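We just call them A, B and C in the order they show up, numbering each chain from 1.
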């Protein structure tokens, strides 16, 4: 078995639409060790969520996974049948969705929804499932779990619901959890609590975590490594600390600089990345980021760069990486 | 102009339309009826309302392919020697006229009231919506039947009655859109600088509701034609002097047991075909404009 | 709960009151009932006398007051034609209509549920496409014409089933029902099929649309991410969520069946209250028309109320307030 829990190689997911083919994920590579927390970062429309769903084989037509390998514990998930995948989903790899208001079945009690996961993937008896459900709810910080088992999702607040979702995701002790923007739909005050809870729990349960987010600030606080995505590709990858301190890709640098910080000079205007994410129907030739990039040259506009190693453990896909990993202006919050 | 046209022929809508057998069939049927009711009277052998042109000698003739059929009367005649095909052409005309005029009137009235209710809100709004709610809790057919029973048959009365039951659909849709639009920031901005937001809301609401209105209106034409036919069948719809397809079926039913099956079967088939064609188009439009159902 | 019931009761009374005002106003602006009652040879003096006797010479609001008072006492007037209380006439005919509606409901559910569910589960299968085409045709059919075709084929041509009347009846709880006798059951088949057709087609489309809508929801995707099998996904997660809204529409459909029973009963000479209404409209028998409308309005209001209660029972999200 390889040293990695998960190896994604040249993953390509496409959507065939009338207006053309959208390469939502266009040759993504990354790896993940057991217990590692990886941040998958980028602006919306960058292909992060589709990547997450692709790993679980949850891409519906008109989308399809066109190429690549998803090696999980030595086996390529893309070659598995739907039935085999069904046994992996939830048990080996589980997922936390963005909006807890819509990801729970409104007509089932939460006890039933946790119990369903346990019934599917554990040999527990109904009585034990009930006990385990209560334990799980306690783990995620739901007060009076015994009383709340019979409650329905609408009787919980958004933050509490996301805790229930996390309890469900953890129920079968999965090796990997994919969390797709788990705090975006929540109140700011609740976001930090949920993130801390997740960080704590994956450590205790020994799961690896892929945290999909647009928020580099979140990533810099709790992940071990980061992969930055832009227009369906990973443009930079590396250990979180180094990447945040010394970004190589101009896009990463731009993302970092647009994080507001609390200390330092006050009147500084928050820099933005100029322009917008291009339409996936109409990607520019060459590097997709070139039209928005301050460092772009004629080469960038003609030829797409490929991933290369620039420092130990650091890869970047850029013709003109920021010299020597320039210090980003906004990094240290 | 030509560039715009080319845009349409290259659009996804057009692309899907020509690949949808249902939509094409619907277009074909509706076009057939539109041509029939505009040009048909030029070719029919009789004017069925002109009593002078009827000859009792022609009565009880079966369709042309049956024994005793007369090539002059392709679908046969009724008990008064009236050519069934001619009657059906004129009947389709009345049915379609009622369907289209009721839809236009309901749409105008409902959109106006929906805009007013949504924009001004308050008492007027709750009163209007109360009326809409109460009316929607009763089947449209029954309300129309009641109105017609009270005021008697007649083309104008029928159009009025069906408009009274029809406007609520439009009002509800339009009001909903206005309420959504009213919450947006540009409305506050307009108020702050002392502008009346109504014209702006209108400019934002109308384009937004155009597609749902087209879908509702298309399907509504079919519903109106069916309701009209039913009311006429019950004897409270169009007057006997202007028989719509529904009334033709009723007249045919009265002589069904004397063996003249064709005089109720064919007009009914026309209603079915016409409404089916309209519904095929409506179904396609709804799927196109509401891609979630695809 | 009690508060909710009271609130609903008040609402129901308000609706019925509104309906009574509208019905009264519209009916009093139309036709002259006096001319219906007096013999055609009556003199002007006799007509005036009859008018006073009926109280029709008094101001409109006084007339409405009398009407409302009688209404509350359950007196809806005496039929001009039958010379019997209008309410009695309608109540007598109600069982016939209700059994017809009941069988239509049964029939439409028995067909629409499996077809709609299947069409929603496998929207692209040939069977589903056929069902959708058929149901679109179904909602395009004039029901009276279908009735005529059925009569022509099954009664006139083949002589298999009777085309009119209710046949023999047998009492159940003292109320005569046709379906309890073989003869009566044979009579109910064609009208029930005719009446059911439109509702059936509409329900199929509604159920399918609901299921397809639910299947795209986030919680279904989340359940898939849990490793739930398609079967369980569909039957345990999607179906109930899809069918809850159908209950509301179904209640409205029962109302619509009662309304359309007027047409079916007229075609098949089924002696229900719908046929009574159409006959009364043709003979301008005002008290019967008014009585029918008030009773049917009360039935609709009651059905809506029951639907709301059922809804709250099957959907945990709704709290009775």
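Everything below uses one rule, namely that a contact is a pair of C-beta atoms (placed from the backbone, for glycine too) under 8 Å apart; a residue touches a chain by one contact, two chains touch by 3 or more.
Given the structure is predicted, the values throughout are model-derived calculations rather than measurements.
Counting hops only between chains that touch, chain B reaches chain C in a minimum of 1. Between the chains B-C lie more C-beta contact pairs than between any other two chains. Chain centres were defined as the mean of their Cα atoms; on that basis the chain farthest from chain B turns out to be A.
Computed centre separation for the pair chain B/chain C is 23 angstrom, with centres defined by C-alpha atoms.
Taking the mean of the C-alpha atoms as each chain's centre, chain A and chain B sit 52 Å apart.
Of all residues in chain C, only 217-219, 221-229, 237, 240-241, 244, 315-317 touch chain A in the complex they form. Chain contact summary for the complex, chain B toward chain A: residues 12, 15-16. Against chain B, the residues of chain C that register as touching in their complex are 15, 18-19, 23, 26-27, 29-31, 133, 136-137, 139-145, 148-149, 151-152, 156, 209, 212-213, 216, 252, 255-256, 258-260, 262-263, 266-267, 277-278, 281-282, 289, 293, 296-297, 300-301, 304. For chain A in complex with chain B, the residues that touch the partner chain are 18-19. The touching residues of chain A, counted against chain C in their complex, run 56, 58, 86-91, 94-95, 97, 99, 102-109, 116-117, 120-121, 152, 154, 165, 168.
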